[in-house]
Structure formats: structure tokens, C-alpha cells
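Chain lettering (A, B and C) follows the sequence in which the chains are written, and residue indices restart at 1 in each chain.
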Amino acid sequence: MGESGQGLGREGRLITGGFAFAMDVFLQQIINGLVLGSMYALVALGYTMVYGIISLINFAHGEVLMVGALTAWSVISMMREAMPGAPGWVILLLSTLIACVVAAVLNVTIERVAYRPLRSSPRLAPLITAIGMSILLQTLAMVIWKPNPKPFPTLLPSAPFHIGGAVITPTQVMILSVTAVCLALLLWLVHSTRLGRAMRATAENPSVAALMGVRPDTVISATFIIGAVLAAIAGVMWASNYGTAQHSMGFLPGLKAFTAAVFGGIGNLAGAVVGGVLLGLIESIGSGYLGALTGGVLGSHYADIFAFIVLILVLTLRPSGLLGERVADRA
Amino acid sequence: MNVVSSNATRTPEWLKWLVLVIGAAILPLILQQFGNAWVRIADMALLYVLLAIGLNIIVGYAGLLDLGYVAFFAVGAYLFALLASPHLTETFPAIAAAFPGGLHLTIWVALPLAAAVAALFGILLGAPTLRLRGDYLAIVTLGFGEIIRVFLNNLDHPINLTNGPRGLGQIDAIQIFGWKLSRRLEIGDFEIAGVTLVYWLLLVLVVAAIIISHRLAESRIGRAWMAIREDEIAAKAMGINTRNLKLLAFAAGASFGGVSGVVFAGFQGFISPESFSLMESIMIVAMIVLGGLGHLPGVVLGAVLLAALPEVLRYVAGPLQQLTGGRLDAAILRQLLIALAMIVVMLLRPRGLWPQPEHGRSAGRG
Amino acid sequence: MAEPVMLKVEGASKRFGGLQALDSVGLSVAKGQIYGLIGPNGAGKTTFFNVTTGLYVPDAGRFELQGRAYEPRAVHEVARAGIARTFQNIRLFGEMTALENVMVGRHLRTHTGLMGAVLRLPQAKREEREIAERARALLDYVGIGRFADYRARTLSYGDQRRLEIARALATDPVLLALDEPAAGMNATEKQQLRILIERIRQDGRTILLIEHDVKLVMGLCDRVTVLDYGRELAVGAPAEIQSDARVIEAYLGTAAAH
């Protein structure tokens, strides 16, 4: 080390003044950001699909992520005891599947109990039941699984890959690839299947869709199921990535994912993905560099509000979100 | 000639109110007998009533879903805490030199000042939301609430403004005509606890808030707010400057939050960012929706129920705790009950427990 | 002895993505006239209204009210200048009473602010009384005085349209712009509406009217502009328009059906 001033020093570091920009660190932030963003994208999709169909913010969605993660944890613990020799990826796969089922049942039940009866009620009523559901689920989870954080085991081999100085674990590779697969499947579902067409039709115009023979209740339940599956998968990913699961783990990611869905353009699937990934990248890069950039004034503890700052900035410039529909008011 | 006086059969409106207020004023004296803790619960309930009335102006009258209202509460609290505690004089020698006796802002200045500063914040936080659709507005206001909390939590470096997560302590007690409301007042043999004095201060503020809010609702401004709530485009077409009126709603609603914050800080003697979380904003929204959005009596009811009931339950939770073998402690029980209350009440009465009576008569349709 | 021009629009254009909703449309309404704007569905009539009143920002166009040019940018400013409108899909304040709806119409011409409201100053109380009186008078004027305390959304369709007119009149406009006021009305209601509009004109107001009911338009309007596909098709007195071949073609014979 030793070169100061402009120019590429040894080890490929670009040194400008006091702030050293290292390619490998940047690459690491990108990778972390993409991993985080993938999880946000999956959860954001759930929010945006539900909102697109029934114009409701499913405040309890973050809790579905949490239930998915904790259910998987329980299954993993049981399987490891019962079948100690089973390969890690099998346990992971099975526990995720069961988590998805449980999450789907939970989400559909929430819709039936808390949202369906209030479809024609004043707009704020289902918001309150949603918030109540969120608190209820967190409290029940605290009772069932006890409040202490659970160590979530790394079931995939832990030897990391090296890419240009940065590190990526097999778990993270799993996260990125599973997200890509989920997105592809969702795209296929929405565009090439009957259910997908029904969902799109109901989102655009529920009464006309009903006249065409689409059953709104079926479509809505399907939407909640799909959202729950995505959230459960995201929950397992989250727990795997951070190595821990707890009853309070769903609230903040849920909130941020919803924020991402909004600034991507609520109701828009692509917007949810773009928003989620963008948020992941911003949080990762921001926490990494904000401290250095502002000379220590603002640090990584502001990471939690990056989502909101981005939201406010985006909405000020584009009130319908990045990819949102410009709704022309027909007088 | 048999003229029966019409006054004999109808209780005048003002008399009903007077009885209610007198009843409310006597309440703490009764509660005092069971212990100061009960009066404290009543104090907190009144504080929330004040907050709920303020939020009701924004959400109930103008129809702007604000999920970050606690920010205004925080503004008022921190304003008083900074200007009536040793923190600034201990942290900044320049200020200590300028105020050798310390900073001790009197309540008579603090209350209007907090109202004004909170109103200003209302305008600042409301301004970016003006063009947004309802749910977007909700999430942006939520974001603002969180941003303020995070800043309060982190503004202890590079300069220590807020003392971060450690919070601000040694806040002056509220002084009215030289009497500190933290001290007992003795009238002959009768003893009035400090908490009761605070209760009466809050009661005065609540009554004032109710009167102000009611008058606003029945005025030209109130009608304009409701028009905006019902149909913003039609309101504009009738010449209403919706931008200014929305900002006015934010400012007016926020000012109540600021005032509550001052009393809260002076009452507790200590504040920290923890008291101004997202959950608080959500709770206040829940109070007004559960009680009856836009309807003052409902709003008061909702606030009292959601504020006081969990505290009351804390005391009766003992037997329930034993029933479940200790797994369900009081805090968990409280949370469960709040959550269930929110869900069940909304399912049974979506318009709230005490909503606006069906406004106007029905001509048969709808 | 020509009447002064109340509203003059020249070259109003508006594009939505690939659709040219308005293509250089103009008209000139004289003071005290009842001016009709007709055309098949999708011709751009409501778009014209929206552009003229500031709901949409036009891509091009020159707008003059009472000889003074104005920028149709802010809806409430246009209302303040003196154009009051009703809406094709009726936009009342549903949960407020009929009286309150009309009282909101008086907002523009009254001043009581926050302080006045909270302190109940005598000036404020007087203004409240005046607002209520004026509103009641307007409800009577349009013929729904007895529904003053009824929630607006519970009124019948025809009464709701009349309420919307009363509310618009409350703003003391110089030009009243009505968007399909007769839509959904039966023959009797249409007759009553016609009488009301005539009365409004006799009381000194200028009226611009979008309507589908050709018979109503012909009987009521002094002058008519026909739009088709966003363009002016024909302008003139009703009789001329009725026999214009292009107009008949545009409507494809539906004119006779009414």
C-alpha cells in the first residue's frame, strides 16, 4: 500500500483522497444487496398481488414470513433428531415445503376470517383487523415458540465461492437461484394459465371478471396462497441467511418489502421485483458506504429508514411509483 | 289554561355536559383511594384521548390516513425535554453560559410553543403527501414517523442533541402558579396526589380539545375537509384549495400531538425514543377507528378503552396467569387482548363502537 | 347588438398516449347563451370540459373567460375565476346532507378561517347563518328543498343531479358547465330540467351544456358545436346542425331515434 492521490494503486484499489474504493468490497455489497433484494422481492410480490386484487394492505404478511421460518425451524429440528443422517438439502427442501403449506393455510384463513367479511365495509376497517392479526400472530408465535431467538442451522455446505475478491455462500446462491425460479414460475402462472388470466382480470375489473365466470373468492384465495408460499420461502431464506429465527423477525422485513412494493408501483408485479431488489441493493451499499461518505455523521444504523427515504423520493417524483400506472381521473 | 313548562321534561344539553365534566373531575379523587397507580392509568388515558382527538382531525375529518402521528407527539416531548432539563446546558458550554440558571421553560410558553412547532412539522411532513393516493399517503406518513424516531435515536453524534437511546431525563415537573405538579397538595386533612393534579391539567386540555375539534367540524373549514374526504376532485371543482386545506388539517391535528408531548415529558420526567415507536402511531389509529372515526364521543371512547383496559387487565391478569400455569404472563395477555379486540370489534362493528349516527335522514335509497 | 363573449376557447388539444382526444377544438359562448356541446360517445366532450376547467392540462389551446385569458392549470382557480361544473358520473359528497353539499359550494365566496371557527366570532356566526340560508334557498330553487337534511347518496338519481346543479350555483359562477345533466332521467324529469335551465339563464347566467338527448339540446340551446373523434364537426344554430349531413352521418341515424 502506499500510493496516495488519484490512480489505481496495487491490488486494484482506486484511492481518492481519504476514501478508498475497493472493488472487492463493492462487489461484496452488490452480492449482499442482491441476496437481500431477492428476499424483499418475494415478499413484495405477495403484498402487491393482494393489493392489486382487493386493494388491501395485508399488514399481517410479514408475520406469514415469520411463521414460515419458524415452522421450518421446528420441522428441521424434528427431522434432525429423527433422521440424523439425512442430507442437508433434503431437510431444507422438506421443511420449506411444509412451511409453505402451513403458511398457505394460515394466509387463507386470515383472509376468510379477517378480510372477507369486511369487503364492503369502510376502507379502514380491514386495515385495523389486519394490524390486529399481525399482533395476534406475533403474540401466538411468542407463546408457541417462546421468545428467544432460535439458531437456524446452515443445511447447505458452508464452503463459500469466491468471485473477484468477494465471497458468496452456497446458501446465498440457493437464495438467488430459488428466487429466479419462483419469479419464472410466477410469470408463467400469471401469463399462461387460466388462473393467471382470471387473476389479472379480477385485478382490473372484478365485476366484469365475475360476469365472465371468474369466481372472485377463488381468485382471491389463490392470490393469498401464492403470496404465502413466496413469503414462507423468503422466511426460510431469511433465517438461513442470518442464521436465526424469532417471533419478531417478520415485522420489519414485511414493512420494508411493502414499502418496496409501493415505490415500485403497487399492483404491478414487475414493480414489486424491481422495488425489492433495488431496496436490497440500496440498503446494502448504503450501510456499507454511508458512514465513510458522511465522515461518520450518518452510519449504518440509519439503514432501516433507507427504505422510507427512497420511498419518499420516488413518490415525490413519480406519485404512482416507478412502474406504477398513471391513473387518469375520469370525470 | 294548562301550560306545562317545556323545560321540565328536557335536560338541557349543557347540563349533561357539566355533569359529565364534574364526574370526570371527581374520578381521580376516588381512584386515589385505591392507589396512585390507578390515577396514573387515568392520566395516560387522558393523554391518549388528546392524541386521538388530534389524529381524528387528520384521519376522521380530512380523510388523510396518517400512520406516523407519533412524530408530532415526539416533537412536543423533545421540545419540552430540551428546554426544561439539564441536557443542553450540560452538553454545550455556550448554552450553559447563556443560561446560568439552567433551562427551565415554563409550561405557559411550552404549550403554545409546542403546538406551533408541531403544527410546523405537520406542514413539513404533510407537504410531500399532497399528491398521493390514500394508501401511499399512509405508508409515507409511516415512513416519516420512523425517520423521526431513528433520528432521535441517533442524534447523539457528532453533536449530542437528543442523547440518543439513552433519552433525556431530569425533565422539570410541570409548574402551575409556582406549584410543581409532582408534589402532593394538602388542603386541610385532604391530600391530593401529584398525579391527580396532572389529571386535572389534562382534563382541562381535553375539554378544550373537544370544544375546538367540535367547532372545527361544524364550520366552513370542517365542511371543506369533509368534502375533500368524500371527493377531492369535486371539492376542487367547488373552488376549495385542497392543498392548503390538507396542510391545515395536518397542522391542526399535529398541534394537539405537540401539546400532549409536553405534558407527557413533564409528567414522566424522562423520555426516550422508545416511547415514540410505530406501534404507538398504530395504536392511536386503532383507537379512533375502533371508537368511531370522525365522531368525537366515539374517538374519546376508543382512546379510553384501548389505553386503560390493558393496564386494568394487568391487575386482574393474576388469576388467569395461574390458570395457564404461568406461560401467559400479563404482557402477553395484554397484547393478545388488544389484538383480539381490534379484530373482533371491527368484524362486529366495522364503523366503530360509537360511530356517527346515520347522518341525515334517508330518502329511501342506499 | 352582440352580447359580450363569456367563454372563448381556441385550438384546445389533448393527447392521451396514442389517442388524440381533442384536436384543436374551439368555441365561443356569448353571455346569457345556452350553448350545447354534442357528439357521439368518445367524441371528446367531457375531455373538453376537463381541459377547460383545469382537470386535465391541455397540450395546446387558448382560453379566455370574460375577455381575460386564463391558464387551466388548477381546478380550484378556474372555479374561483367563475366556471362551475357538474360531472357526468355525479360527484356529490355522499355522506353529507344535501344542505351541507350546497353549503360547501359557498366555501369559495366566504372567508371564515380556523380562528373564526374556533373562537365563534360574531362575524363567523353571521357568515354561517348566511351560508345556510343561501344554501336552503338554492335547494328550493332547484326544487329539492324538502330533502335538505337527507344524506346526498340516498337521493334519487334525478334529485342528485339537481343537487349537483344547486351546489355549482352556490359558487356564484359566471359560467355554468353541465356535463350530461339529463342522463338517466325520464321524460318528466327532463322537462323539469329544461325549465330549470331556462330559469337559470333568465336569472342572468351563461350555460355550457354537454348532452346526448338531441331533442333536449335542440329545444334548449341557442347554439351548438358538434364534436366527432376529437374534432369540430359542425357549429351553428340547432336547426342548421340538425339538417347537416355530416352530423347525421356521425350519429348514424341515432339522432332520429331520440
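In this section, contacts are C-beta pairs under 8 Å (C-beta built on N, C-alpha and C of every residue); 3 or more make two chains touch, one makes a residue touch a chain.
In this text, all values refer to a predicted model and were calculated from it rather than measured experimentally.
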item	value
Farthest chain relative to subunit B (centres taken as mean CA coordinates)	C
Most central chain, judged by mean C-alpha position against the global CA mean	B
Computed distance of Cα centres, subunit C from subunit B, in Å	44
Chain centre separation (subunit A, subunit B; CA means) in Å	34
Computed distance of Cα centres, subunit C from subunit A, in Å	49
Per-residue multi-chain contacts in subunit C, two or more chains	55, 87, 91
Multi-chain contact residues (two or more partners), subunit A	329, 331
Residues of subunit B engaged with two or more neighbouring chains	233
Subunit A to subunit B touching residues, read off their complex	51, 55, 57, 113-114, 117-118, 121-129, 131-136, 138-140, 142-143, 255, 258-259, 262, 266, 296-299, 301-302, 304-305, 307-309, 311-312, 315-316, 319-321, 327, 329, 331
In the complex, subunit C residues that touch subunit B	53, 55, 74-76, 79-80, 84-85, 87, 91-98, 100, 103-108, 110, 112-114, 116-118, 120, 124, 127-128, 131, 147, 149-151, 153-156, 159, 167-168, 170-171
Subunit B to subunit C touching residues, read off their complex	212, 215-216, 219-224, 226-227, 230-231, 233-242, 248, 252, 358-366
Subunit B residues touching subunit A - in the complex, by the definition given at the top	59, 65, 128, 131-136, 138-140, 142-144, 146-147, 150, 153-154, 157-158, 233, 282, 285-286, 289-290, 293, 327-328, 332, 335-336, 338-343, 346-347, 350-351
